[in-house]
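Next up: the structures, one after another.
Both complexes shown next keep chain A, but they swap its partner, so chain B is in the first and chain C is in the second.
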Partner chain A sequence: MSFDFAVILAKLPQILSGLGVTILIWVGGTFAAVVLGFVVATLRRFGGRGIEVILRAPIEILRGTPFLVQIFLLYFGGPYIGLRLDPWLAGLLGISIYGAAYYAEIFRAGFQSVPVGHVEAAECAGLSRNQIITAILLPEMALLVLPPALNMSVILLKETALLSLITVPELTMTVQAIGSQQYAFVESLVILALVYWALVELANWLGRYAERNLSKLSA
Partner chain B sequence: MTDPAINVSHVSKQFGETQVLRDISMQVEAGKVSCLIGPSGSGKSTLLRCMAFLEQATSGSIHIEGEPLGFTDGPQRRRQSPAELRRVRSRIGMVFQQFNLWPHMTALGNVAIALRKVRGMSRSDAEDRAMAQLDKVGLKERAHHYPAQLSGGQQQRVAIARALALDPTIMLFDEPTSALDPELTGEVLNVMRQLASEGMTMVVVTHEIGFAASVGNRIAFLDGGRLLFHDTPQAVFAAPREPRLEQFLDTYLDRGASMLK
Partner chain C sequence: MTWKLFSLLLEASLMTILVSAVSILMGLVMAIVLSGLRMSGSRVADAGAGVFISFFRGVPLLVQLLLIFNLLPVIGITLPSLATAIIGLSLCTAAYQAENLRGGFEGVAPGLIESAEMAGFTRMQSFIYIRTPIALRMTFPALVNEAILILKASSLVSVVGLIELTKMAQNLSASTYRPLPIFAAAGVIYLAINLVVAAIGQRAENALPGLPGK
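Now for the complex of A and B:
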C-alpha cells in the first residue's frame, strides 16, 4: 500500500479554509479565555470571601470534566434550555469558557507568587492601592504567568480538534472529510498531525522569543 | 521641647496566641541612630515593622514627629484613612532584608516611580532626581540595570536610594545586611554610616554588633518581646548588667575568640 498525499493536497483551498477557522477559534478563544480568566482571578483575589466561594465551584467543575462532554452539553444540551447556537459559536464559547477556568487558576497562582514584600515596599513608597495593583502586581504577575499561559494556549489549540464533533468546519473536520471522499484516511491524519504540530511549534517559538526578552527581569 | 521623631508608647502585639511585643515604650530623638538587637524571635523586626505600620500593634500607640501613625488618637482607637496613613508614613523610608526591588523596573525605574506616581513629578524630573540618588549610593553606572542583573549589595543600595528619593526624615532598616555575604555587607553599611553622619534619624534592626556599637547612639535590646535595655552603646557593651544581654553578647565574643585559635 502506498501513500498518496497529492489527492489531499489537491484540496488545498478547503484545507486552508479549515485552518483559518481553527486559527480564528484558537486565537479568539484564547483571548476571551485570558480576559475572562483574569477577571475571575481578580474578583477572587480582591472581591472578598463571598465572591471567592461563589466562583470556586464553576471553576472546579470546568476543570474536572472532559472538554468533549462540555461542548456536547453546550451544543446538544443547550437547546433544552433554549440556547441554540451555531456550531462555530458554540465552539468559540466552549473554548473560551473551558480555557477561562484554567487561566483563572494560572492568574490566581500568579497573584500569590508576587512576594508580599514587593507590595509592602510599594505601600511604604506611598503608592495607593490602585497604583500598587496596576504598577506593581499586574506587571510582576504577567512575567510569572507567561510560560504557563502560553502552554495553556497550546493545549487549547489542540482541543479545537474536538469541535469537529459538533460540526464546526475547522481543520480536523475539513481534512477528515477530504480523506473520506478520496479514500485517503491515513494520509489525512498524517497531514492533520503535521499541520497542528507546525502551529504548536510556531506558538512555542513565539513564546521562547518573548521569554528570552523578559528573562533579564527574573532572577 | 520638640516631639521625638518616633515615640512608641506601651505597644503590645499578638499573633493569635503568641505575644510578640509586650508593653514596649521607647523614643528615638531626631538625628539619632537606634539599633535594635536581640535573638531571633525577640520581636525586634516586628517592632520596626510596627513603626512603619506594616504590622498593627494590638494596643498602644506610635507617633511620628508628634502625629499618630495608623490609628487615630483619642478615646476610640480607629484606623486612619488610607490617605492620612500615607501622609504620616511619607516621613518614613523603609529598607527590607530582602531588598524588595520591583523586578520589572530598572534601578532607575525603582527609584523614580514613586516620584512620578506619588509626587506627580514629570518623567524627566523624576529620573533626574532618581539618578542623583543612585549617584549618592555609588550606582549611577548601574541605573539602567534590572534588579536581577545586580549583586545583593547593589540591590540593597538601590533600595536605600529608592527610600531616600522621597525625602524621609526617618529611615527604618530591617536587617538590611542579613541576606548579604560579608564583602557586600560592608558596602551597604558604608552607605548607612554616611547617612547617619549626615544626621538622618535611623532605626536599624541588625546582627552587626560592630556597626551598632560604632554608629548607634542608642542600643535597644529585646528578648521575648520585652525591651530590656535602651541605652548608649557604652552602657550596653562595656558593662552589661542584664544577665540575658550578657549571655547574648557572649555568643558574639565566643565567635570572635574562636577565630583567633
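Now for the complex of A and C:
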C-alpha cells in the first residue's frame, strides 16, 4: 500500500477554485444569516406577542431538523412548487436560512442580557426604537453575543461540505472528483480534511483575535 | 404521503435512533478517557488528546465519514456500514463531548479533590470516583444538547451506505418522484425524536441529585 499525494496536488488550481466557492458561500451565507437572524430577533423582541409566536415555529423547525434534510427538501422538493434553483443558489439560500435560525436565538439571548432598566431609561430619555437598538442594545450585548456568533460561523463553514451532495462545486465535491479521476480516494480525502482543519483553525484564531480586541475596547 | 411510505420512514428512524444512541454512549466513554489524558500531567498525552479534539472538531463530519469509509478497506479492515457509521459518529462526538466535559472538570471544587487526597485516594481513584461523576452531573445539559446534535448529524451516515431515516427518504423520493412530502415527513420525524429527547433530558435534569456545595 502506498499513497501518492502528488497526483492530487497536481490539481492545485482546481482545488483552489473549490476552496474559493466554499469561502464565497460561507462568507456570503454567514453574512445573510446574521442579518436575517438579527431582523427575526428584533421582530420577536419588538413585534408584539403575535409575531413572537409566529416566528417561534420556523426557528424550532430549522433547529430541530438536519441541515441535510433541509437542503434536500429545498433542492429536490423545490421544483415541485415552482422553486427551481441552481445548486449554488440553493446552497447559499440553505446556509443563510439555516444559519439565520441559530443567529436569531443568539441575538435573542443577547437582547435578554441587557437590563430592562437600561432600555426603559433610554425610552424615558426620548430615544427612538432604532436609537435604542443601535445605541443601547447592540453595544451592550456585543461582548456576550460575539463568542457564540463566531462559533456558529465555524459550524456553518463545516456545513458547507454538505452542499457537495446537491452538486455545488465547492471544496468537498471538487476534491472528491479529483480523487475519483486519479483513483486516489484516500489521498484526496486526507488533503480535503487537512484543508478544512486549517481553515477552521484559522477562523477560530481570527475569532479569538476579534474577541480580545473587542474586550479591550469595552474595558 | 401514504401510510405505507410513512411506516417505512418510521422503521428507518429506528436505525437513526440506534446509531445515534450507541455513538453518544461510545463517544461519552472516549470523551472521559480524553479528559483523563488531558489532565494526566503527561505533556505527550495532553498534546495527543488536544490534537485529536482539534482535528475531529475542525473537519466536517461528512469528510470524516468519507475518509473512514475509504481508509479502512485500504488498511485491510472491512466492516459493515453500521460499524463504520458508529465509529465515525463516535469519534466526532467524543471530541465535542470532551470539550463539553472540560468545563465540568474545571468546575469541580478543589476542596473535594484535596479531601480525596487526604483520604488516601490515588490520582486515578480521585479521577474516577470524584471528578468524573461531578463533571458528568454538571455537564448533563450539554450531553442532552449533544445527543440532539448527533441525532441530526446521523443523517450524514447515509453516505457510507447505511439505510437510516435520511437514506430511506432519499430512496423513497427517487422511486416515487415525490421528494417534497417525503423529505418533509422525514423532517417531522427528526423533529419529533428531538423534542422527545429534549423533554426526557429536562425531566432527567430535574430528577438528578444536586451538586455538592450548591
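The definition used in the following text is that the second predicted complex is superposed on the first by the 201 of 219 C-alpha atoms of A that agree within 3 Å, B and C clash if a C-alpha of one lies under 4 Å from a C-alpha of the other, contacts with A are read in each partner's own complex, and residues count from 1 in each chain.
What we mean here is this: a contact is a pair of C-beta atoms (placed from the backbone, for glycine too) under 8 Å apart; a residue touches a chain by one contact, two chains touch by 3 or more.
Since the model is a prediction, treat every value here as computed from it, not as a measurement.
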Partner chain(s) touched by A:190 [first = chain B, second = chain C, both, neither]: second
First, second, both or neither for A:124, with chain B first and chain C second: first
Partner chain(s) touched by A:115 [first = chain B, second = chain C, both, neither]: first
Chain A residues touched by each partner, larger count belonging to chain B or chain C: C
First (chain B), second (chain C), both or neither touched by A:139: first
Chain A residues within the chain C interface of the complex: 1, 60-61, 64-70, 72-73, 76-77, 80-81, 158-162, 164-165, 172, 176, 185-186, 189-190, 192-193, 196-197, 200-201
Contact set on chain C toward chain A in their complex: 54-55, 57-64, 66-67, 70-71, 74-75, 148, 152-156, 158-159, 166, 169-170, 173, 178-180, 183-184, 186-187, 190-191, 194-195
Touching residues on chain B, where the partner in the complex is chain A: 52, 54, 82, 86, 89-90, 92-94, 96, 98, 100-104, 113-114, 117-118, 146-149, 159, 162-163, 166
In the complex with chain B, residue positions of chain A that touch it: 115, 117-118, 120-129, 131, 135-136, 139-140, 143, 216-219
